[in-house]
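Read through the structure below, which is laid out as structure tokens, and then see the notes.
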């Protein structure tokens, strides 16, 4: 095979610390290399044309590009060699940027290392074989996990685009965090007024099937053909019959149930509909608090229900759905702030979270929109807001900035003044993060028009003094310690990955970062893709986000799905395992270890043999490293290809 | 051997249903036995079981797949049969296993050492305690205990672990406890370069005849052994010590969790390279990390073909 | 329960003087619970605050000598009632894990320092090794009747990484013990606020302000007495209470006990052996109240 | 108000020394002020602890080492315990105080003298001898014992002894102090040669030998 | 020219494409400085790594081999690294009997987001290998080719 080698300067990114010309020169000495050169920007149009030209001129059988990471441009260059009539797999990359030029300044060592990597690539290339992908049919339905604003956006966009959508929501209503908000920044328009209609659209859209109070149990298959096992948790209410009239709620005698929707501000009934605008507007029983389910007594709801939909025997139900793509929009949860002993660690009732405050502000909330101290129901006068609780704090393992707390705190300060004109708000902050259209103007208004007192500094402790809370913080601009007698303290608690996010990631086979947020395909260029084909991200599951960005991602994810489904067939990745039938002795070790059950037993002249099902094989290669006689080989990563790399690097 | 007649009896009883029964019989001189394939009743009379019945006959089974085969097994041989069953390389219904209480077999190299040479042995009388060998018209008596193969002196499975017919009184298997790795541990006392040098010296003798592989009952790749293949191309065909050593590692790793330490590889080696030690080391690790011993349970899944989410005995490096 | 608790015991300088009653009561209580204390032979000062304000090697060297004394007893850990000593001894061990620092310390010592000896507070071993439940079993005279607050001081459990004991902001060890003794415990909000520490002599004004604040708060939550585990805290709050009153013209009359003293009483020991008489603010009214409450209960029973 | 030239006034040796001796990274501080917020002594400080951190970060050696705050820190660990960046602020305060001492900055005479007297007492007796320590402190501050009022409270309780509690090993302890003095002398010499300390004013005061002023103490006692 | 004589040693890395190779990229993007000795071979999954590759590399003259995959439970192929862990552990324990220090081989888990961790791993592993110095090498077809040199050295 005649090989061409192209060593990229990547402007100065590589050239600055690697002598690319020397690398090219060295490459010319490698066996099989018929042409080698260094180029300014290999990925640019002229750069690619140069490759095409060289292939034609020197009739090259394979190409090596030494530049950035293959995770960046392997696809690009495969298309390039294809344009020149080569099979896309007769191409190899040497990563001399991320793995060389960017991690050290020693030009000699870098050049030398680059030469090694190029040698390795050429050696592998000589063992490459043309591979051809197969086409397979796809199921043009999409699963949306999570019914928050991001999920809703993605679902509606897909549905309007003509796709069948299956939405799975963990709680008994969609709406997510946004549904709990009173108003939204920076426009201060009513959250439920703008979200409500979208929720109704989801309920009414002919293309959308909604499974509320359900969770993902199992995910199998691959892009185009996923098989999803959904667990419908027992609600003890037959939702086909329930009309959401709410009589059961009025009559239910156990009124001490935790009110999750209201963030524990106030209590609710054992059988409940989270809030008036809930979608679906159906009742469910919280088994922990229902005396019928715990003690076997009561049964009031069954008696009063006009449609007779109560069923205390109800069990969890499992449903299988087939889809071709998945949008994950599982959102975030609030950081457990009780680790802050200095803020009372949860012992002081009048220290609450921002989300709890939202429920208090909301007219549909437990206090009917009146701001009251949880301890004694009194109207607070001095309200202290503390920012960065569980954000930008290494000591609690949350070094990142949640990003939207500054804004919602400003909003809450403004709303507080509207609700209680006599009140005075204080905000302890470190920096104000107000990037975004009209955002900074908004925080300025909080100070200029609403006279919110912004104090730059963290709070070191809160402790009760009489019926007030003494908040002791710093004003670093004054350079002194300050104290505020507060009636109510609201903590701007930061966001963390949703509970169970990592478990779901394992089912989806996508990766997540140290904090449990899902990893996008590429930080810049693949913001809503993941490294698993057919799985996309929307909203805060990828990292803390405010409403506009979540919605934007929801639409972006939908666009990706619609794009994927614009074809009737997908091409399978030919980097899969094949069995050399004469080498196989039918011991079945590969079958035992394949994570996908992609290898089955067949018979050949009365002898047992292994056989790979190409569309199911994902190309991990466990079988190849398991088979003692090397009968099953993962194409493009065969034993010989890897051995040739080893030999290229370690020449005795 | 007292149970020999009993054994012959039950072989002849079942012979009609079998295509062949494999055992041992006398060989070119009184000091050697050789594998014996019995197809007719009269063949059975030649069957001889003695401390000379060294060969692990399980090696022949995969090759005879599809035929009805009877096989006479020592305790250690039977564990190879178990492995072959576990890897469904033979079918239980086609194999009839004859067990007997094995008191150990000799190590020819030890005898050779004791006698100087074993050129023209005239006779060899064996008792439980001694070998009486007549050669060059003088008689020499060797203590049986000293002539036994190492694996026998520390044998934990004298009786077949699996059998359809068992002749004689069972001695009693000790099972998986107190395994003796003294040899390995002693070797590991050597310094790093000493160990490295040792293997180079030993493997230098290797003539790449692959007798070790051919004798191994679990080297089932047969014509497609990595040693002589170009795809995958693990080894060159040159006469160099690197490839010779590499082959032994490949053999050992491919046997990880499968090897029963029958010792055939080492016995078969014409130039006496202690290749068994590689497998013993591998087994020691398998045992310590996964509490697993090959060749005991046909239903078991070997450790390298399975995993646990949390591995109790694996502590990973912290950086 | 662990029947054979046995420790090396490092009393610390103040036990020979201003906090003699802490030492007495600690020994008495341990004796009553069959916890054996073996005095560290010929112990010397740990260096306390002054040493580490001057130099860390000096401070660690002074502590290291005592850790060696412990090692010479063939023990690898010791206990001390005093948080300041505790902090110094623990810090010394911790810092000497760094070879460079250890060498510096060794330069100051006769023989190379021992780096194995760990230290715990008397409080810690009582709750962790002996156990609150077991203490409860031993109570003969429950401390009923009066509300006490527990004040821990700033360094008993801070920094958390070093002290490895109880919650850094809201320690509960003493609260739990007091509850086990039958006392009514009021949650003291300033458990870990500083009392003015060693500034009593050079900057009395500081102590007046800080200790004053503590006493005000204690009164505010209706505590009739405070329990402490620190000689400095106790001295500032008890011995200087009159000064505090003068300085802030307040009228506190709040007994400040060492927790071991109240434990002793509950375990049925005499006031004498617990050095109750050595307290400056008379605990009489509080103790009598408890006594009477008990007798009421007894009669009721 | 003085204008500070950020690059010219930056004393990098000072910053490095603080980082080395404290094992803390000054750049980890993002000035949230939580240390100041929690510091019980802020009231008395001339420079708040968070600003000490800032001034140290920016290498303003003279301003930092002159600060009274260094001497008023009681090492109560509030700052360290609550720092969101896990900086051991209390230890940095310690280190700064050490440097101040070495280089002859004495923020607050009384406090320094008290500590010296305390250590003097330890040096001579192996343990703290409270009465001796006080006597010593008085004689060096010239301040009449501010706690005389306590005398009549404490004395009858047998808490105060007029002779130091005896220990055999006191020589060993004394040696520790002597060696320490030698070591730090060497160290200072080295630093001089490296010209690290910009101006080393008065040499480090020695721990004043303790005076047995029992008689004087008795006099005080008779006053009451 | 395999390595820079004297200054570098031959260290081979086998990295899974999804996590560790990405982690190494992240380290690069973050400009986290690393020693230059390591050469990375990219494989789809740590489960693809036949432990014999490691032995092969050693016998061909590598001074150290580093394997890195996704964290357990986070494998892109869900199970690959679980198999890898068992197989790599075995080979790590086996190397010493061949005459290689066990420290010459290490396997670990680095996710695509852990650029910093990758930097630490590479740096400390490279130090570790430099502390050990060059590995014993097979210098020719006959044992004597090597042994003579070794004895000379000893």
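A, B, C, D and E are the chain letters, set down in written order, and residue numbers restart from 1 in every chain.
The working rule: contacts are C-beta pairs under 8 Å (C-beta built on N, C-alpha and C of every residue); 3 or more make two chains touch, one makes a residue touch a chain.
Just so we're clear, the structure is a prediction, and the values are computed from it rather than from any experiment.
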item	value
Separation of chain C from chain B in steps, with touching chains one step apart	2
Chains contacting each of chain B and chain D, listed by label	A
Chain whose mean Cα position lies farthest from chain D	B
Contact-richer chain pair [A-C vs C-D]	C-D
Chain whose average C-alpha position is farthest from chain C's own	B
Chain A-chain D separation of Cα centroids, rounded to whole Å	53
Between chain E and chain B, distance of the C-alpha-averaged centres to the nearest whole Å	35
Centre-of-Cα separation between chain B and chain A, whole angstrom	55
Where chain E touches two or more other chains at once, by residue number	51, 56, 60, 73, 79, 83, 87, 138
Residues of chain C engaged with two or more neighbouring chains	168-169
Chain B, residues touching no fewer than two other chains	234, 242, 304
Every chain pair in contact, whichever chains are involved	A-B, A-C, A-D, A-E, B-E, C-D
In the complex with chain E, residue positions of chain A that touch it	69-71, 95, 97-100, 102-106, 108-110, 112-113, 115-117, 120, 502, 505-506, 509, 511-514, 519, 531-532, 575, 593, 595, 618-622, 624-626, 634, 637, 639, 642-643, 645-647, 649-652
Contact footprint of chain B on chain E as seen in their complex	51-52, 55-56, 59-60, 72-73, 79, 82-83, 85-87, 89-91, 93-94, 96-101, 106-109, 117, 120-121, 124, 136, 138, 140-144, 146-147, 150, 154
List of chain D residues in touch with chain A within their complex	30-39, 42-43, 47-48, 50-51, 78, 82-86
Residue ranges of chain E touching chain A (in the complex, touch as defined)	1-4, 7-8, 10, 12, 17-19, 21-22, 24-25, 27-29, 31-36, 39-45, 47-51, 53, 56-57, 60-62, 70, 73-74, 76-80, 83, 87, 111-114, 137-139
In the complex with chain C, residue positions of chain D that touch it	21, 40-41, 43-44, 72, 74-78, 80-81, 88, 90, 94-95, 97-98, 101, 108, 110-111, 113-116, 118-119, 122, 126-128, 130, 134, 137, 146-147, 149-150, 153-154, 157-161, 165, 167-170, 172-173, 175-177, 179-180, 183-184
